[in-house]
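Below are two complexes that have chain A in common, paired first with chain B and then with chain C.
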Partner chain A sequence: MSELSTQLATALPLDAGPGPEWVKTLRDSGAAHFRTHGLPTRKDEAWKYTGLGLLDQAEMQLATVTETRVSGSLNPSPLVEANVHVNMLNGLKTGQNGTMPTGLTVLSLADALSTGISGLQTLLESLPMDNSSDGFTALNTATLESGVVIHVAAGTDAGRLLINWTSEATPAPLLSNTRLCVFLEQDAKLELLEQFESSNGNTNTCNIVLQANLATNSSLQHIRFQQESKQAVLITRTEVSQQADSEYAYYGFDLGGGLVRHDLHTALRGSGARSCLSGAYLLDGNRHVDNHARVDHMAPNGFSDQYFRGVAGGAGKAVFNTAVCVHPGADETEARQSNANILLSTRAEVDTKPELEIYADEVIASHGATVGQLDELAVFYLRSRGLSESQARQLLTTAFCRSVSDKLADPVLAEVISQRMMDVMPQAD
Partner chain B sequence: MLKITNLHAKVAGKEILKGLSLDLQAGEVHAIMGPNGAGKSTLGNVLAGREGYEVTQGEVIFNGKNLLELEPEERACEGVFLAFQYPVEIPGVNNTYFLRAALNAQRKYRGEDPLDSVSFLRLVREKLKVLHIGDELLHRAVNEGFSGGEKKRNEIFQMAVLEPSLAILDETDSGLDIDALKTVAEGVNRLRSKDRGMIVVTHYQRLLDYIVPDKVHVLADGKLVATGGADLALKLEEQGYAWLDDGGIKPLNIELAGQTLNP
Partner chain C sequence: MSGETSTIDSLIEQKYQHGFVTDIESDTLPPGLSEDVIRAISARKKEPEWLLEWRLKAYTHWLGMQQPDWAHLNIDAIDFQAVSYFSAPKSDKDRPQSLDDVDPKLLETYDKLGVPLHERARLAGVAVDAVFDSVSVGTTFKAELKKAGVIFCSFSEAVQDHPELVQKYLGSVVPQRDNFFAALNSAVFTDGSFVFIPKGVRCPMELSTYFRINAAETGQFERTLIIAEEGSHVSYLEGCTAPMRDENQLHAAVVELVAFDDANIKYSTVQNWYPGDENGLGGIYNFVTKRGDCRGARSRISWTQVETGSAITWKYPSCILRGDESVGEFYSVALTNNYQQADTGTKMIHIGRNTRSKIISKGISAGHGQNAYRGLVRMTPRAENARNYTQCDSMLIGKKCGAHTFPYIEVRNPSAKVEHEATTSRIGEDQLFYCLQRGISEEDAVSMIVDGFCKQVFKELPMEFAVEAKALLEVSLEGAVG
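And now, the complex of A and B:
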């Protein structure tokens, strides 16, 4: 184990914390896993292209719920209005406001654990932690306490819920662990917008696990927009379980962060489930963004589409690994994967790897991955109308990423995000 | 307005223009005709400043300025507009957004205030009306999924909004059916003015039935080999370009209204 892993393992609390017995058992299993394996390293296949150098800071402390953490001076404005705003500061829920629609329940994880919410135990216990490289999940489980539970009752359209994640620099760098649990009952609908921003110079690490259970014919629109500081570390894992005819749509926008790793996994367990995963990542400086996406088709007539676009300038590095597995019996599945990247600099790097495994019949599958440069003829076309070369390049790279934001159902949000992308669009060397 | 003298240009190391000279006055429309491979499109691209088109000799003076020293965007801001033979599809860039950015870039160059979106839309709707073009074009990405005719109409529309002083139409008729051709030609005719010069590059005479030029030039093997009035185009239609191969430059049975520029 690395020095950092040992340091963190030592920092893990010895007693299993508050809550019912099963939670303590769960925390113990996470702690045991972490003490054995520690954090993943480049020797783990899933982490081959992503090192944890930025995370490895002396004095790194594990955040605990009881301590006072920050001044709370950072107050970023939300991208768009939402019915309900949940505010998180350095991984800890600090409050919520807005009008709660009937049928929507939002609780802190601690409250949900003490009062007991139906299905919560099953959901929390279902999170796989089988691989030696699941160190972040193990750490998250070992310290399971901070988080939010969202429940949408059957037939309810809960509208938009915004989780405002802010990170502020602390005297000693902090690693926080947070769990989000989302339950959508039958025919329920929710738009979950996560917005991540941090103060300048913030070097903290957020380790967030989101688990979502989508009942029959429910729909979760999940938008994740992050513009963290250049030194911030963001490790997220999203685990979605989908019943028949449910829909999960993910839209990820990575505009910031020094080291970002996102593991996105959805399992289509009921027939006719649909899953559309899309994302845009913009890299400059020495920033590193690693997206790992996996779709498991486990029932017939499923549909999945993965659509990711990346622009890398400077010495930025992007990793994109996407896997689709069509299991036996998941006949008449349609699965698409598309990943395209633009390199703006000779020092930038993109590692893209689409994978496809099919064990069923009558499957339509397509996949493609490209890494290229801007179309010079398009640059000339725009310049021939009066745009400067840098304007032309900025417009084209933004347009390239806009193909992701344009997928959003709300044109206002699409426009706001597209403008934000344009503002930080990396320039050619 | 535009004076091209002894222009030589290479593309991918191959000499395409071999001493082309042309004098265009404001208010005039000149047609340049010629067989495939004569250098017609190269001329438009050289004037617009496309990379990879290397000028090895000669000069181009546009409104007193050395055009060849300017960047493509500076040429555009000085009033040069190339209607592309193959307009480029740009997914994700909204046509209206792009055109406003272009117009405002040109206005900034001329020291004028940018147009806000309301005044811009007013201007754009006016132009669409004059050109008899529907406004669905405004909401789409630049040329994306456009038919051949729509692409060419979009070029003319851009030209109408940007109001260049020199317009070069590169085979604007190629790939158009007769109705689309008429619409495009009508658009061009509406933009004819005493302050604007136009160069219409075409392989076929039929476009010139609708856009009647003041002068017709024949471009062959990188040079203008004949110049005449609008009737020269008709004779070319009758006789084709085959006579060019008969030792090159002396046209058979063609009376020259002007003079051969490069005898």
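And now, the complex of A and C:
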């Protein structure tokens, strides 16, 4: 185990903390897993292209729920308005405002654990921790306490809920562990907007696990926009379980962060479930963004579409791994994957791996991945119309990424995000 | 040394303990792997000291290595001490000088396998270097090749007759410690082919080697080395078939290709080792390291493979595109039926400027077969304007098989272009229905559709091979539909 892993393993509390017995058992299992395997290394296939160098540099401390809470909000202004705003600081819930629609419940995880919410135990216990590549999940489970539970009652359209994440620079870098649990009952609807922003100088690490349970015919729109500081580390894992005819749509935008890793996994357990995952990642400087997306088709008539676009400039490194697994019996599945990347600099790097695992024969599955440059003819065309070379390139690169933001149902949000992307669009050398 | 010699002698003198299937007498080392066995192989083949040292070094590396487990394969543990590492026909001393001198029983075995060697050689003008188990037993058309300056002989002969060439190039593309199976092969390889095409020569005929595994409980560890000097051109065909056995046999080969400026090497394989029976019993474990080094500018290496046999296939013919404007190609059809498993693909490492590579992979899964494409395309920072196009398509026949794709794409040059596309499909009921209502039987219809699916690869094969490959697919798919 690395020095940092040992340091973190030592910092893990010896007693299993408050809450019911099953929670203590769960924390113990996480701690045991972490003490055995530690943090993942590049020897783990899933972490082949991503090292934890940025994390290792620091004298990391584990955040605890007893941290002094800051009065007032340090959170940046929201990208768009939402029915409910939940503010998070250094992984802890600091406030909540807005008008709660009937049928929507938002609780802190600690409260939910003590009061007991139906299905919470099953959901928390269902998170797989299989091997050494799951070190961050183990750490998150071992310190399970801070987080938010969102519940949408059957038939309710809860509208937009914004979780506004920020970090404040601390004397010693902090590693915070947070868990989000989302329950959508039958026919329920929710738009979950996660906004991650932090100011320069923030060197903290957020380790967030989001688990969502989508009941029959429910629909979750999940938008994740992150523009963290260039030194920040953001490790996130999203686990979605979908029942029949449910729909999960994910839109991810990575504009910042020193080291960003997102494991996005959805399991289509019920017949007719649909999953559309899309994202854009923009890299410059020495930033490193690693997206791992996986869709498991476990029931017939499922549909999944993965659409990701990346631009890498400077000495940025973009890693993209997308996988579709069609299990036996998941007949009439249709699965598509598309990943295109533009490489702008001689020091930048793109590593992509679109995987297919097919165990059923009544399937339509395809994938495509490209790495290349802007079309020089298109650049020439725009220049002939009076645009400068850099304007032409920026316009084309933005258009390339806009194909993701244009998928958003809300044109206002799409425009805001497009503008933000344009502002930080990496330039060619 | 005297102690070692007596060990070698006792090993050599030891009678072969396991019965043969054909009546041909063989000289086989007892199962097991140790330094002594390696010394015995080397002594048996009268190898120079440097080669023995080379083997022993590889063996030392191998001892420190772990068998890889990253492939999408479910393999029973292999007992490397249960394999015999050397088996040669007994009539070694008076080895036949031409095919006419070859033991008729050998030729009969070839005939049974459907390879009428001399007829094929005469008809197609192909020179054949036949490998029966581990030792080359017949070489034809040598004189004609000699006239052109081409060296085409068994690896053992090359070690004796052209040691300077072997020493210079052996391990220069696949080093001893490259991987677990390459290290094993480097330690115990018994024979194989050696080809040297001198500067500016276009090889007057297609070269071909048929490898056979005959004796039970023997591993086949051949080593092939092809060197194409500046401006030369060669097409090499390799076919593999094996008689039925109900135990698993090990095959770990290494093929190294070196192409200098403007040289062109085309390497075609039809692999039909015994795949095991319909219950997954027996079959060859095929672990092969094939790599070509495009050292010179504008050089070209093209791999074409049709993989229908073997219980396990673990094989990634690769190209290192070092020379500017060099070209690498990989065309593959891999079929898995019954309980066969294949994890195969290629690596294209672009180092030189303006290098190009093309990958066309067609995987067909039937029965309980598992078929995985695993590939790597790497554009290094120096690979200005490099270009890759990859297409890998899978076809599933039946509900219990699997088709998988694991393409790794690593790009570190902003002027490089990489395109990868893949599809998975099945034989559509409407396609079948259309054929059936035109009076075509179901079996013929399936074979026609599969043939169409593989066409892009078959057209890269020399005609004789394309016909064989097509027939093999038909045979291999028997019973897969219905």
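Some points to look at:
In the analysis below, the second predicted complex is superposed on the first by the 420 of 429 C-alpha atoms of A that agree within 3 Å, B and C clash if a C-alpha of one lies under 4 Å from a C-alpha of the other, contacts with A are read in each partner's own complex, and residues count from 1 in each chain.
In this text, a contact is a pair of C-beta atoms (placed from the backbone, for glycine too) under 8 Å apart; a residue touches a chain by one contact, two chains touch by 3 or more.
A quick note: this is a predicted structure, and the numbers were derived from the prediction, not measured.
Of the two partner chains placed by the overlay, only chain B lies in contact with A:R383; chain C stays clear of it. The wider contact with chain A, measured as residues touched, comes from C rather than the other of chain B and chain C.
Once the two complexes are laid over each other on the shared chain, residue contacts for A:Q391 go to chain B alone; chain C is not touched. Shared-chain residue A:M1: touches no atom of chain B or chain C. Applying the stated contact rule after C-alpha superposition, one finds that A:A11 touches neither chain B nor chain C.
Contacts of A:A399 after superposition on the shared chain: chain B is touched, whereas chain C is not.
Of the two partner chains, neither chain B nor chain C is touched by A:V80.
Applying the stated contact rule after C-alpha superposition, one finds that A:A46 touches neither chain B nor chain C.
Interface of chain B with chain A (complex): residues 48-51, 71-73, 75-77, 81-82, 84, 87-88, 90-93, 98-99, 101-103, 105-106, 109, 141, 158, 162. Only residues 45, 328, 341, 343-346, 348-373, 428-429 of chain A touch chain C when the two sit together in their complex.
Those residues of chain A whose C-beta lies close enough to touch chain B in the complex are 375-378, 380-389, 391-392, 395-396, 398-403, 406. Contact residues on chain C toward chain A in their complex (touch as defined above): 70, 379, 381, 394, 396-426.
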